[in-house]
Amino acid sequence: MFRIALIGAGRIGRIHARNAALHPALELAAVVDPVEASAQALAGEWGAAVRTLEEVIADPGIAGVVVASSTDTHLDYSMQAIAAGKAVFCEKPIDQDLQRARSAAPTLEGARLLLAFNRRFDPNFRALKAKLDEGGIGTIESLQITSNDPAPPPPSYVAVSGGLFKDMAIHDFDMARWLLGEEPVEVYATGSCLVDPEIGRLGDVDTARTLLRTASGRLCVIANSRRSGYGYDQRIEAYASAGMVCADNVRESTVQVFTEGGSSADRLQNFFLDRYAQAYRAEMEHFADMLATGAAPAVGYADGVAALALAEAAARSMASGEVVRL
Amino acid sequence: MFRIALIGAGRIGRIHARNAALHPALELAAVVDPVEASAQALAGEWGAAVRTLEEVIADPGIAGVVVASSTDTHLDYSMQAIAAGKAVFCEKPIDQDLQRARSAAPTLEGARLLLAFNRRFDPNFRALKAKLDEGGIGTIESLQITSNDPAPPPPSYVAVSGGLFKDMAIHDFDMARWLLGEEPVEVYATGSCLVDPEIGRLGDVDTARTLLRTASGRLCVIANSRRSGYGYDQRIEAYASAGMVCADNVRESTVQVFTEGGSSADRLQNFFLDRYAQAYRAEMEHFADMLATGAAPAVGYADGVAALALAEAAARSMASGEVVRL
Amino acid sequence: MFRIALIGAGRIGRIHARNAALHPALELAAVVDPVEASAQALAGEWGAAVRTLEEVIADPGIAGVVVASSTDTHLDYSMQAIAAGKAVFCEKPIDQDLQRARSAAPTLEGARLLLAFNRRFDPNFRALKAKLDEGGIGTIESLQITSNDPAPPPPSYVAVSGGLFKDMAIHDFDMARWLLGEEPVEVYATGSCLVDPEIGRLGDVDTARTLLRTASGRLCVIANSRRSGYGYDQRIEAYASAGMVCADNVRESTVQVFTEGGSSADRLQNFFLDRYAQAYRAEMEHFADMLATGAAPAVGYADGVAALALAEAAARSMASGEVVRL
Amino acid sequence: MFRIALIGAGRIGRIHARNAALHPALELAAVVDPVEASAQALAGEWGAAVRTLEEVIADPGIAGVVVASSTDTHLDYSMQAIAAGKAVFCEKPIDQDLQRARSAAPTLEGARLLLAFNRRFDPNFRALKAKLDEGGIGTIESLQITSNDPAPPPPSYVAVSGGLFKDMAIHDFDMARWLLGEEPVEVYATGSCLVDPEIGRLGDVDTARTLLRTASGRLCVIANSRRSGYGYDQRIEAYASAGMVCADNVRESTVQVFTEGGSSADRLQNFFLDRYAQAYRAEMEHFADMLATGAAPAVGYADGVAALALAEAAARSMASGEVVRL
């Protein structure tokens, strides 16, 4: 059993707490949160202790730290934990500032840090990747990533989110890097505020399209909207030299109703807690593997920096109306 | 060019007239119908002459006859035409009376008579049959045939239809024989009047299930309803030793709408004139082949009799509540 | 927290153990199994004690008993536990012998016994039922239940299974009763041995079709095979007066591959442990509700007897070749 | 009956000849083609006369002219026919040169010229447009158009095609204008040569992505490839404020095969002659309506010029690597 400390008892922290607590090889030993009541409640639920960050870092019995606190603390807490010899499971993004993220390289480059890009662990996207890797449809040439949230977040969230590209599309930039097999070298992005004018007043967009291009000419389109109007739309199409592979959305049931006007099928799973429940579990399993076998993280610090670099480039392209070359 | 005469200018006759007239190797030369106006209208549309049955039979320039008149005349007109050396395209059923149909064997057994079971020419069911014949999924073991009309016919039609089994399920009995690879030896049928009580008063049912069993134990379920409430439901599932192949319904378009409540897809093609338009064309092409190359009919008199025998057995089973062994 | 004892540490017992142990309102306190090692292993995994049946029944601190032992013990253990004032979660079938099952009525009729027909808790079938209950597609008229296992069980299992109808179709008889809204009054069944001749030598069939009919004429077809060749096929179609509702299979992922020859989609979830994982959890949640709120079991002793009566009737129909009237 | 002359007896000319000949209100009276044998063969097939262009233009009995000759003649022949008072059915594109196309405005602006953008007549895309127009899913915000050919054309075709944007994407630019409800004001395009290096040597690309933006911020992505590897991929997704509507591909049959590895569905209809057969018929029907009722063309000269302007802008954007503002 590896003893784990969780930093951050918010929505995503509670998911990771549950998955760690239920994992046979992990023990959720400590919960850290500035809000005492949150820490207490979550720790109580799983039989963990409430501790301070300092205690956790100093405790040699803590083998792994899950960093699920606010974004501006990800880098600092991860570095502290890595420096103390612990394995780290760090929520995305690595940071909102590319330069700052890069400056952590001496500590975090190659470290035992799992950057929690949950979609890499989604069974649908993994099955898509496996099909590409099997080679039966040849070499990848282009990619279409659709990623629309069901409903826009409140303006208060948008204000501190870092903007659509760093907050939301960052997942898609990671998917693009994972699947394209080459790093993008050109980014063009454009966006609009069509959903909520308040988002526009905050200097952000709610609808965007980003076009990536790799050195050999592979193309990737990322389509984002803060509001789909029809649930959480998470799809990928990968076009290769001898065919195409796609991963579709997940529905709440397989039920269909046929009437005179046609047929209707059940709604899409509404949001990430449902859609990616399995991914969150698989992510924690991978973290347990890192602890048990010394396996390298499937996605780490360098991936977090690379996705952030694409997000910054997209924001710069949209602001300038010009292609950004990396 | 083979000159063709059409007997019967009703709904189905007009379909065959068009397909014959547009076929490059056929010429619609004559139309016969007791209702002068109907014959005139249809003949005029395609540049054919209005003729009597006797004239058509006696005319050595008529190579083929399409029998699309009322069911009670199918057998007689087919025999006259065959006796006169013509190829015959005869609408289903061959007759409503099994004994009478069998008594025509001396003339019609092995004759150049195409019995117009249109579903044998449907591209979907042909593709299903081809998959079975390719052998990739092994040997057929059982069959599920679903065949529901969109809305019940008027009582006046039901009264002279010969009953659900001979009028409607006869197509499904033919499909079963075509696909099972063995003749059914046991029939059990049951039915209800759930749609229109008037149908019940006429001694018929509007909802039925028939269970066929072959000598080696292959099983087939036929599900029929006179009213689906959601369009023309025409599906087949064939279960084999190493897999399953199914043919689904055809929709009016590929459009889907996604909203908060789920997604909706377009309605099913509503009835046989739409769903089987291609099948009717392919059927006429096969008739042209019979004329041009001497090809044997893909489905003939013996098939018509065999399907009728199953329909009679089903009716008898339902009436008696007992299994009928053939 | 309600303390629970599990009787039977086999495959299905382990599922229930896990779901009970992880439920916030339940505590898996005891495991009973004649095979000491099995009991020990499972109890150890979840921090439960190994106990004897007698101890468990006598312990007033045990609020509920999960009966997952061999079929011939279901009735006896359930009666003991009910008599001792405990709530019971009993695996299906209630028994293999209808008369014996009926004789337990004085103790079990109306008792706090949840009969574990897992499909009633499957989200897909529940969504189908909800659509029927909403009334948007009118009154149910007929039902098609398809239930095929991926591969046949070993002959040793078949020998003690009670036969296809009691072992496998029993689930489908329960589904039929649940959805038809009326009790079946006629049963016709036929079956074949097409998959494994050994099954035939044991006097059983591996392929069957059952036709149920209610007093008002509603019809239900149940299609069963011990081997689909394409995974665990679990579908239902319900035909109503103004439309149709169906629940389709669940696949391992939403991935599709398009190539020159067409497209391919992922395999069906292979067997019940995967397909019904959510159902097993929901079932245990319902049991917790029974304990916490005194809720009546959603499916109980009387349902187990009724499904068994249909299974016996189907077996009798197949043996005699005649319709059985109930 | 309106007498029609066809100019150009090539592949697409033969399609239009057939549809005109079979239309009840049209008579295919004349065929014009510099290759005598082609003209003769096609005229013979439908009972038309072989004529010269001059004869056709001068003949007051010719009510309509179908221009299906080489692209460089579209503008000239259309102007001659319009000047002679005839209705014109002109194949796309209106021309390969935007300035030249614009210079025809005095003659062609508002003329009875149907520009044959066949996709406007496809039942799937019409159903999609109808859903948008009904307003049930709110206001359109963005569009995803996927348009991939099954296999690349020979280099000889590419050399005179005018390039991917004017030859192939021109259809998609028309779809974008038709569906977006606003004119694009910004174009960004990028492309690669990933399929056939010979296409690259000719200065063209075989894979491209174009991003359009309207004044109010609506976004449209057009994805094109000269080779899909899986048939003719023609799909549209329209995202609106309260939902999404999409039109999917058309398959050769509805057959699906289920085996251990998953299920497979039939291939996509392979190319435009199959996929758009209905669209070509509907287009000719609309032309007949223009003749019979004086209906304005659903898509005309101005649409042809506007689509060409977008194609030129896309080509310029790709060449310069910069956004083009219109």
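Order as written gives the chain letters A, B, C and D; numbering starts at 1 within each chain.
Note that in this section a contact is a pair of C-beta atoms (placed from the backbone, for glycine too) under 8 Å apart; a residue touches a chain by one contact, two chains touch by 3 or more.
If you're wondering where the values come from, they're calculated on a predicted model, not measured in any experiment.
*Asks:* Can you give me the shortest step count from chain B to chain D, moving only between touching chains?
*Replies:* The distance in steps between these two chains is 1.
*Asks:* Tell me, please, which chain's centre (mean of its C-alpha atoms) is farthest from the centre of chain B?
*Replies:* Here the answer is chain A, farthest from chain B.
*Asks:* In terms of C-beta pairs in contact, which of A-B and B-C ranks higher?
*Replies:* B-C
*Asks:* Where the centres are mean C-alpha positions, what is the separation of chain B from chain C, in Å?
*Replies:* 41
*Asks:* Could you put a whole-Å number on the gap between the CA centroids of chain A and chain B?
*Replies:* Those two chain centres are 57 Å apart.
*Asks:* Note the residues in chain D that touch 2 or more other chains, in rising order.
*Replies:* Residues 137, 228-230, 233, 242-244, 258-260, 266 of chain D each touch two or more of the other chains.
*Asks:* For chain C, which residues count as touching chain D in their complex?
*Replies:* Counting only chain C, the residues touching chain D are 228-231, 233, 251, 258-268.
*Asks:* Can you tell me which positions in chain A touch chain C when the two form their complex?
*Replies:* 22, 123-124, 126-128, 131, 136-137, 242-250, 252-260, 266
*Asks:* Give the list of chain B residues in touch with chain C in this complex.
*Replies:* The contact residues of chain B facing chain C are 137-138, 141-142, 144, 146, 148, 186, 188, 190-195, 207-209, 211, 213, 216-219, 221, 223, 225, 228-230, 233, 239-244, 321-323.
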